[in-house]
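Below: one structure in structure tokens.
So that you can tell them apart, the chains are marked A, B and C in the order they are listed, and the count of residues begins at 1 in each.
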Amino acid sequence: MLEMRGVTKAFGSTVANDSIDLELRKGEIHGLLGENGAGKSTLVKILYGLYKADEGEIYIDGEPAGITTPSDAVDRGIGMVHQHFMLVPTLSVAENVVLGAEPGQGPRLDIAAAERAVRDLSERYGLRVDPTANVGHLSVGVQQRVEVLKTLYRDARILVLDEPTAVLTPQETDELFTVLRGFVDEGLSIILITHKLGELLGVSDRITVIRDGKVVDTVVTSETDEAELARLMVGREVVLQVAKEDVEAGDVRMEASDLIVDGASGEAVSGVGLEIRSGEILGVAGVDGNGQVELAEALAGVRQPRSGRIELAGEDVTALDSAAMRARGLAYVPEDRGGKGLVGEFTLAENFVLKTYRRSMFSKIGWLLRNAIRAFARRRIDAFDVRPPNPQASAASLSGGNQQKVIVARELAGEPDVLIANQPTRGVDVGAIEFIHGQLLEQRERGAAILLISLELDEIRQLADRIAVMYDGRIVGEIDAADATDEQLGLWMAGRGGPDEDQPTGDDRVRS
Amino acid sequence: MRTPKLLAALFALALLLAACGGGDEGESSGSSDASEPAAATSEAAGGASEAGSEGGTSSTDASDVMAAMVTDVGGLGDQSFNDSANAGLERAASELGAQKNVLESGAPTDYVNNLTQLAQNNFSPIFAVGFLMTDAVTEVAPQFPDQSFAIIDSVVEEPNVASLTFREEQGSYLAGVAAGLMTQEDTEFTNPDDKTVGFLGGLEGPLIKKFEAGYTAGVQSVCEDCEVLVEYAGTTPEAFNDPAAGQEIALRLNDRGADIIYHASGATGAGLFEAANDRQFFAIGVDSDQAAVNPGIPILTSMLKRVDNAVFQTVEQFANDEFPGGEVQTFGLAEDGVGLAPFGEFSDLVPSEVTDAVDQARQDIIDGNVEVPTEPQQ
Amino acid sequence: MSGDEIEEVDEAEGRRSIGEILREQVVAAGRALIFPAVALAIALLVGVVVILITGNSVIEAYAALLRGGFGSRQALGRTISNATPLIFTGLAVAIPFRGGLFNIGGEGQLFIGAIAGVWIGLTMPGPGPLVAFVAIIVAGLAGWIWGAIPGLLKIWGAHEVITTIMLNFIGINLTFWLAKNPLSGEGAVPGTGFVPEGVRLTRLGGGLGAAHYGFVLGIVAAIVAYILIWRTTKGYELRTVGQAPGAARYAGMSVAANSFLAIALGGMFAGLGGGLESLGTFGKVSVPFISNLGFNGIGVALLGRNHPAGVVLGAIFFGGLAAGAQQMQFSTGVPLDLADVLLAIVLLFVTATKLVEYLLGRRARTFAAGTRLEKGLAG
């Protein structure tokens, strides 16, 4: 069906794809597995005509595909669902689907025909969507269906999905996979890109693993298991289960009540209450964009809540800024490394004192003590094995994993009482994930109170003692980690089945 | 990959060259050819300058004269006094065999530097073209007491500086006589029923007020019930370089009935010419014969300010050891320092009474029968 | 237990040998100079063609250019005198740029500083040096205020590029009005009168012509700016806000206050430059005053990669080029405009980082750090 042979692409001195061979058979779901930065996205961008390969060929049905632009790819029957959707929020589903390939004659758009076509497609493939709905009002999962419909409308025979489950609840993921199986029965072929090994096992026929731009192996799904895939992906044995010691939760270190926080577009957090105790990790699960960022920022003092109260060890700290919070022993790992956690052009040394530069050990009467800062940076770098171990290197020159280590190293310095970590492992390699998870657990054992916000349900389930689920600015459910099931959490993530579903705001306080 | 990069580089180069080449034509400064427009103008102005050239024969040993000038920020190619002064130097070079050098000023800070450089290289006389250089000449001249300087359009009281000023009001008076008579004629450009003429000034100040005063007096000497509408383009130097404002003002004056508009506004006057061409009314140019360089545009005549004559005469005086250091030289009609350009392209429309009246007025001023005011009468 | 107690830091561990620091500095400076040097080389090549078109000898012309900029004491004097205000207007762009703002208002700030300095010089009684001192301070203050206005407007949401451009018009025309009305003086050149001789800045002497002590103050200003930006906590905040506003908010720094500070500081430097120019070089504010010093400051800052040391070098380069061009038009027939052409090409290549990246490869990108315009405009 589709064959890529010897595809090579270099950016400067880094080889993103090194002579990659990939074969997609008709009617199969082919998983493309690899860590962040392994070269998966580059490969499919070449396939879709967004990048030009330095070397190598692509064949479709045995003939050279000759794809140089995305429209070539569409003509050859390739459909792509990007990680970030390309939808116009103000248009209807039907309008979005036909955009660029509108039915009707001349400039006139035959809306009725478009809606009919979309309705037919969604019935045939089991993609439940209302063609007249405004895309901006749809949930992320439904928007993804619209993206898929767009490709089907253009008669795609090969569907490429880039990390499609990143934005979905477990149930939505299952639903998507069911739909994809249906596609295969209809004769479509699918490339499914992901870094989550578990889900590939359930849905794919074969899996190609990529590491450092090279194909490591292509395996038949039914003949492999999670451990093997992990080993192929990382290149060494990976401990999949983290060893969690039993720690007795202690005093309440941080408490928030009735928090209402505004985001960029209106109210983002609508009356959240929570407690974090010493020696425990409170995990906050939820689909992206349900107020997690605003909640974290409000708790860390970066964003002033509209109303509500935040206490740190019994002290009202609602009005304090992040520097003052830090001074009171609160550490905060933000979700956005490049934009918030680090200053890319600064040296590592400068980044290590981002919040503490005013302390007397780093500056005196407004004068930076550069030697002290450098020494401090050097020690943290050594302790956290940051590479390269050079305090003068610019933060932007580091890999994502090392950048994240710098942030964690900075935030954990001085043994904070409370740690708020928002997606601390997003987009970093497995080695860094293991390291950061280990650090979180170490802090927990030390007695820190930790709030872990993550979009990865697996991560939360592995690390958290209690799990709260956030949906639409509220905490819709809370459960002891030991009692949690994916089904229950998934329902909450979709905003359904919460214990206080019918209470408008109420007291959503999570108690342990 | 090599080839496209190289191509791109070449393309960029070509673009740059094209840009430079274009700019160069406009304001090539070289000491020779840039002055051609101005030189042509002085020739077109005709016999008026002959009086000055007579001195050339009497000069004894002028070949070792090293004359130089510094332009103001307007630079060469301004088709105004910088070019005109350069033409005077050219003439001194060709007729008296003097050496010449011209330095342009890119910024006001260059004035002192340029004057100093010329003085240090033993140039003398050194002309500072324009009143903006008054302070610079005041500063530099005392440092070189053995050399001679001259400043145009201003007065510097130093023994080695000659101050060359012009009686623009006299030339403007002649322009006023022509305008006052022509507005009463019936031509395709003028309406005899509306005896209104206009004046477009550049930067409002004493210098341009002299033009206005002379012009108004000239108009009223031949047409007592004529009205002179006066507008200025502004109060900053920008007013001399704002054709858009010039056009706007010209159209407004024309709307109010002015069918002949005289301008003393530098490059702002280009806007007047545009308006005159659109609406088909008469403009009167200034400084040089602007009709000669704007063929087809209804420019009746131009008030000539013969900076070239003043420069030439001063070089000549220097060669004859008669340099008027410490003196204020005024160049009026009698000295051929100002004048009125011939009617040229539109002379057919000008009755002989008008030319006669202009000649008469010139004679009256030279003879002292008419005293031209230097400030507008209220 | 408080998170305050970060482990005791051993200072000696962070201290590096002088040799190490020196080597690092030299390498950094070398890398920083590569980019402008390549740009200059390209510009000079284009200049060759221009000179040939004008029918002059390339060697003679470039020899004159070099001689006129740096070949003699007088030449050096001209260069220094040209460079003095440009150091200040260059800093006026570079410092706000580090804070994430693009200050186009140097011209207006310089004019305001110039007229404020002359106002004190003309009206304040007392011994000359004291008056001069106060006049320079007031010039800086006036520039600060003129920079603070767009700073305030920025906090209220108006983009500084727009507001500084607008304030240029207001500043320049206000200066002209003041110079021609309340402060008007005698003389043929319209403008204020001359400040008393004792108030004017002392010249450097030593055959350096019009060059005055303002140049020394310029060097001092650049050093102060460097220390402020790279060695103080305030400068650290300012740079954080400039480079990553999100990180600044995350760290608890006030983006608004630092933006305000950055552009007000820029205004102060431009104002100082204006005051020194009016009190030093001219002794007055004439109505066709200094042309384009504020705008050329943008070029100086870009050429100097928005680093104070680079700004000083850039200003000397600009000043030297102007001085050399004068010599060139004196000795040869090459028009003054060649200097502008060379400058334009240099700036084109220094700012068009994408183009240079394309021509010289991606590696060149790092050399261009600090000059990328998008950064400043994005704020």
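Quick notes
Everything below uses one rule, namely that a contact is a pair of C-beta atoms (placed from the backbone, for glycine too) under 8 Å apart; a residue touches a chain by one contact, two chains touch by 3 or more.
Nothing here was measured: the structure is a model prediction, and the numbers come from that model.
Farthest from subunit C in terms of Cα centroid separation is A.
Once CA atoms are averaged chain by chain and compared with the all-protein CA average, the nearest chain turns out to be C.
Averaged C-alpha coordinates put the centre of subunit A at 74 Å from the centre of subunit B. The distance from the centre of subunit B to the centre of subunit C, each centre being the mean of the chain's C-alpha atoms, comes to 37 Å. Per-chain CA centroids place subunit A at a distance of 45 Å from subunit C. None of the residues of subunit A touches two or more other chains. Among the residues of subunit B, none is found touching two or more other chains.
Residues of subunit C that touch subunit B in their complex: 46, 49-50, 53-55, 74, 78, 81-82, 173, 176, 180, 187-190, 209-210, 281-282, 284, 286-292, 322-323, 325-327, 329-330, 333, 335-337, 339-341, 345, 355, 358-359.
The touching residues of subunit B, when paired with subunit C in their complex, are 5, 8-9, 12-13, 16-17, 20-21, 23-24, 27-32, 73, 75, 101, 103-104, 106-110, 112-114, 116-118, 120-121, 131-132, 134-135, 154-155, 205, 235-237. Looking at the complex, you find that subunit C touches subunit A at residues 1-16, 24, 231-234, 236, 239-240, 243-244, 246-247, 249-253, 362-363, 369.
Residue ranges of subunit A in contact with subunit C, taken from their complex: 12, 300-302, 321-332, 334, 336, 338-346, 350, 354-359, 361, 363, 366-379, 392, 413-417.
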